[in-house]
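Next come two complexes, and both contain subunit A; in the first it sits with subunit B, in the second with subunit C.
Entry: the complex of A and B
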């Protein structure tokens, strides 16, 4: 009996000690981390993707000093690495954490957050005249076309009007083969075959796994889809980023009927698949594209082992590719090739939907302060400070709108402060890229797509969409990289998506797109 | 009989030869990939991206290690990881041993409910969001290294193993201690624990490896970069280098991606690998005893 009591005493003591330990430990946390304190509005917490930039402490100190003097508050950004950004940001929203802004996008969790009421409609705030610097830097078209059912759920972050996928090529090799300038797809193809023939150790172009259907499904152009370069006026629609693309009727606006068809029914897509298969067999594209990541293909290009790389009109291919390339290959030159028929007068279709948005947390301590911050960042001096770092230490101006990088500071501006009119260009930017970048910054160089602000709601067909996405990845990717016979591969894909519920997805898309058409004037 | 034994000692049996060959081949199969990782981490990126792994680093390059060790706060990250591992393992060992002892003693009204309470998390968990809310909003442990330690403090599976071990300690020894007037605490500390060194070593090793490799809770709860443990710091590093190729940042560092991955593997597994030799002599005994008797 006494032994029993002793044991119970021991247990009681153990329990007591454990409780004391937990209570004691609870005091070990960082009490400043809870922004629900009264200071929440004086120190804005921001979620940013990526690693902490080199030299960030000095830049943050300068930003906060100026911000404190101008507006009376400071910022504390939290950087979350890219691999975990999506899930972590979602968790923080779900848990009701009090931060002010975050990067969101359709390819992250924006639709889900809109559905759960976690985001603030910034439309009235942006256009209300209360934040003039911000309003001045956002084009009306950009604001209008980024609204979802009339509401703007974030500040669109873009550094150009339209984004056209294209190629960065080794201009020195092209000149070696007697090609001075590439302006159309047949010449580009000839360049690749010349590379294969005359520099057999160099792969004409390397693809990575995340390029997937960019190779053949227009949006409005696709890398190896010659028809899309001839006529860049069709943009695929899908329920989510990795889902199966559909094309809606070209004359939908006139007929009022969207009539969606699977991507393979669009003229030129199957031809593009056959072209890719031929490139695969001829060694024009790499054979391991299904397993290669973007970092590797970039490394291959900068080491001089490939002759072309994927690029987009964001003005960044020169800065990311040229220094490494010229270090590895003496005399190497870079040129951006956009083989659109008609060149800069082609007027390709665009939805103008931003890839990224800065969203305001509905549970943030002060949405007002967050908007003040966005307005403050729309002033050139402040924008330069956070985007490029401390002048003289991290960068120096070259002319009025260029800069030379002096350090390795790299801020993810696309998550907070990208403003088309305020972005400086790198002094390293090649002439051809500068030309195309200038072209891409003008909204008048593009045609607004009929379905520009159509954002399909996946919820009614969530299960089918998930199954089709899986089948699309499994059977589609080998086709898009030329790894399987086109007819056999396409048959398999069609069967797989059909049994996964293609008809239901297509019907739902038609229903939603037809509804949308009624709102288009 | 003795003659044949003596002859047996002189001749090598075919089985022994085959065993030695098999074990050697298996050993090499385990060691060669490891060696290739080490060699690759010292091979220049330009060669590595073209021809892949090789047995000898040629051309030799320290670029990846330079990238890692000139990166921010590697030393403080090592410090954080060592703190989490040492303190976490000590606390976990204490908590697991304590709870296992109580369950193993089969006390009426206590042991069984406690066992059920302990084992339920093997089947169900509260989920990520409740845990996040508990740690950040109730325990207020954000930016504390204990936020990494506490959620992993008791592993039900290891309690299960340790209970099995405690139950096969001879009851007579514990009973005689009680007859001699020893209290429960004294029995636990002076008889139970000394007899359980093999299982303590095994459990400590499991916890140490878990804490050393832990990055997820740090990702959830630690935003102060000076408190990042090594694994989180390195994960951030590799993530930023890998994503630099596709993301629209103003500059992308020309860091050696392949080489860096291999060097990171070498840097992260090195220290914890040293723990194995210390625990090895207890390892097999502790595992098998705990696993087969109960």
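Entry: the complex of A and C
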């Protein structure tokens, strides 16, 4: 063999390597091998958001031991940091990676994945009787209202019937100012101004950058929209999260015409924007909302540096906020404040659409096994194991439906195994939160919205939608956090969305919503 | 050529009476003279193979994915199965009213970063070269090199503490302004100062790093050149500006050309970590990379993002070629190619 390599040989070798790599890459990208109905997968890969829970190795070992004994396979969840979850999960679908389940939602990329045929319609699987434990834990109304054009693209992950955004406040401070209970918005506003005046080192409420769509546009309530707390019967519709919200006609069901209007035309929204601007200037809300993340605002609250925090009726405020708060501030108390006019009899509108879904990857190794896993997790003993950890080490039961946490183990159950009827309540849950959580678990406490299961298809207007989303990030978010003058800011936003294709978006939404109305009985 | 002309000259020797001009010898056959074939030694090729494989797999093979820029990409159809869409993906970016501003920001910020960091690097290197106490010099080198390793996320937190403080209504900078009875500035809602704030951050990050590269180049300057300068009576300052700085030009040229090649890349890490989705700062800080990232995150539109990526690469390549050509034309001695 010659010790030298000719130039031609050298180039040929390089070219060959390139070709091999390209072919290898295309093989990865376009793999259409479909084993989705197979049952040979021995180890299921799951995509979950967030950091690996403390003490996860011991819990996973216990889960896999039991799973192996019961069903003959194991799981290997992959935890992806929240900041990257959306893009990484999408890339994994795009690359044709083999995994069985993932967290998806409208606010992530679910619509796009449905459009591209990447998800399995789990409707027939859930209701077919093959997975009785799972079927038993999913309410019929939940399944029906989470179908998109008759298909269920994921298992809805909810622990209550309806979700109403509201506030967790420092009850000890409220009592210090002579306020025993806050039940309406004016009293809540007074509380914030009392905090500002009497505890100037405490910020009344801190917002984070991902809460811009919660401040003034009702869905059916908005944090600083007093009109929405008076009358929680309008829910904004948009093609995707973080984009242009529209309001559809209140009497659409009767007229058959959806007649969408931009959000600023709804009564109370511009007033809310002015209120937010005032709060910003008065120091009621933090001035760095555009830059801080949710973990930072949570930290500020648990350190006692803010007096209120965002909450929703998922029963998690006490667990996530109270231990840290009481550790940092002696004698601190927490209360959940839902300033709805009419309180628990208000019957606010709800679409009952789940915020999160566990979806099945159409290119997964075994959809059958993934459903078996979801069924297995719907058995209380198994659900408790993965949700709360090893009994005696991570938690201990308190009564039949409560638990006391013994370690810092925290599993993202909303991405895999939230079942309303199986969830245990934290023994730490405050009385006010327990009240509202119980209320939120009853479907009869809500009014079904006319457009409850309307999911607009973004594909016909995806270019315009992308450009409008950009305009919202630039002009909408500063407006929603009070960082800019309302008139000037709103004017800029209107101009930007108009040139980005607002008319086309509005026309397409009207067309799709009118079609939907024809299907509403 | 030189050998041929010697032969021609020797063909008509001076002083001969021959009236007939000597015949020009017939042209040699056009076939090139047989030279021994130069083969790269197999050992060296084998040594280079891992690097070649690395670039093939991670740099050249992924180029196949550029077809996505011309496709209406669908996840289920894959890269090669998705239908063609012509130039639609390119229209997405250029049809936005934001395109001119984003392109201008990208060019302006990167030019600012490149100029400021190179200048700082050279200045620091010249200054470090003048320090004679070895231990002190090394300590200073370590200190100024350290920011290169600081994550942009950490820098963003430091900036928030300096410019905004807890709750966004304070910060060390505002405290300082207060001391001088100057009005407070809401830094995170004022786009004007941000190109300069980001430039200061880049200088802090890269100034020390680049100074080490220039310092290495300075050590390669022959001692005799300085000795000649001393004999001519040059002061240390004169030697720094007349000897050191001119001899750093080749190194600066290499760094400049490399920087120009990436001038359409907006230093995503630093800008996004610091500015994030703060729309009030976009008028002066939004660059192609941050815009594309937001598009990808919000809608997951791979076609449009691949199109902008391809546009960036092509413009970057053209700029590198232009930079090299300009260098060859006006500063041939320091040209790298």
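Some observations on this one:
Criterion: the second predicted complex is superposed on the first by the 481 of 521 C-alpha atoms of A that agree within 3 Å, B and C clash if a C-alpha of one lies under 4 Å from a C-alpha of the other, contacts with A are read in each partner's own complex, and residues count from 1 in each chain.
By definition in this document, a residue touches a chain if its C-beta (ideal position, glycine included) is under 8 Å from a C-beta of that chain, and two chains touch if they have at least 3 such contacts.
Predicted model, so just to flag it, every value in this text is computed and none were measured.
Contacts of A:333 after superposition on the shared chain: neither subunit B nor subunit C is touched.
Look at A:127: by the touch rule set out above, it reaches neither subunit B nor subunit C. Contact with subunit C, but none with subunit B, is seen for A:477 once the two complexes are overlaid on the shared chain.
Once the two complexes are overlaid on the shared chain, A:81 sits against subunit B while remaining clear of subunit C. Touch criterion met: A:469 reaches subunit C, while subunit B stays clear of it.
Shared-chain residue A:64: touches no atom of subunit B or subunit C.
By the document's definition of touching, of the two partners only subunit B reaches A:387; subunit C does not. In the overlay built on the shared chain, the residue A:438 is in contact with neither subunit B nor subunit C. Of the two partner chains placed around the shared chain by superposition, subunit B and subunit C are both touched by A:305. In the superposition on chain A, subunit A positions 3-4, 6-7, 10, 14, 18, 22, 25-26, 29-31, 94, 300, 305 are in contact with subunit B in one complex as well as with subunit C in the other. Of all the residues in subunit B, the ones that touch subunit A in their complex are 45-46, 49-50, 72, 95, 98, 102, 105, 107, 110, 128-129, 132-133, 136-144, 146-147, 150, 178, 183-185, 188, 219-220, 223-225, 235-237, 239-254, 257-258.
Residues of subunit C touching subunit A in their complex: 37-43, 45, 52-53, 56-57, 60-62, 64-65, 74-81, 92, 95-98, 160, 164, 166-169, 186, 188-189, 276-280, 282, 286, 291, 294-302, 304.
Residues 2-7, 10, 14, 17-18, 21-22, 24-26, 29-32, 86-87, 90, 93-94, 96, 109, 112-113, 115-118, 203, 206, 209, 240, 242-243, 283, 286-292, 300, 305, 362, 458, 462-463, 465-467, 469-470, 473-478, 483-484, 496, 499-500 of subunit A are the ones that touch subunit C when the two sit in their complex. Subunit A contributes residues 3-4, 6-11, 14, 18, 22, 25-31, 33-34, 50-52, 54, 78-84, 88, 91, 94-95, 97, 159, 210, 293-300, 302-303, 305, 314, 316, 319-320, 323-324, 327-328, 387-388, 405, 408-414, 426 to its touches with subunit B in the complex.
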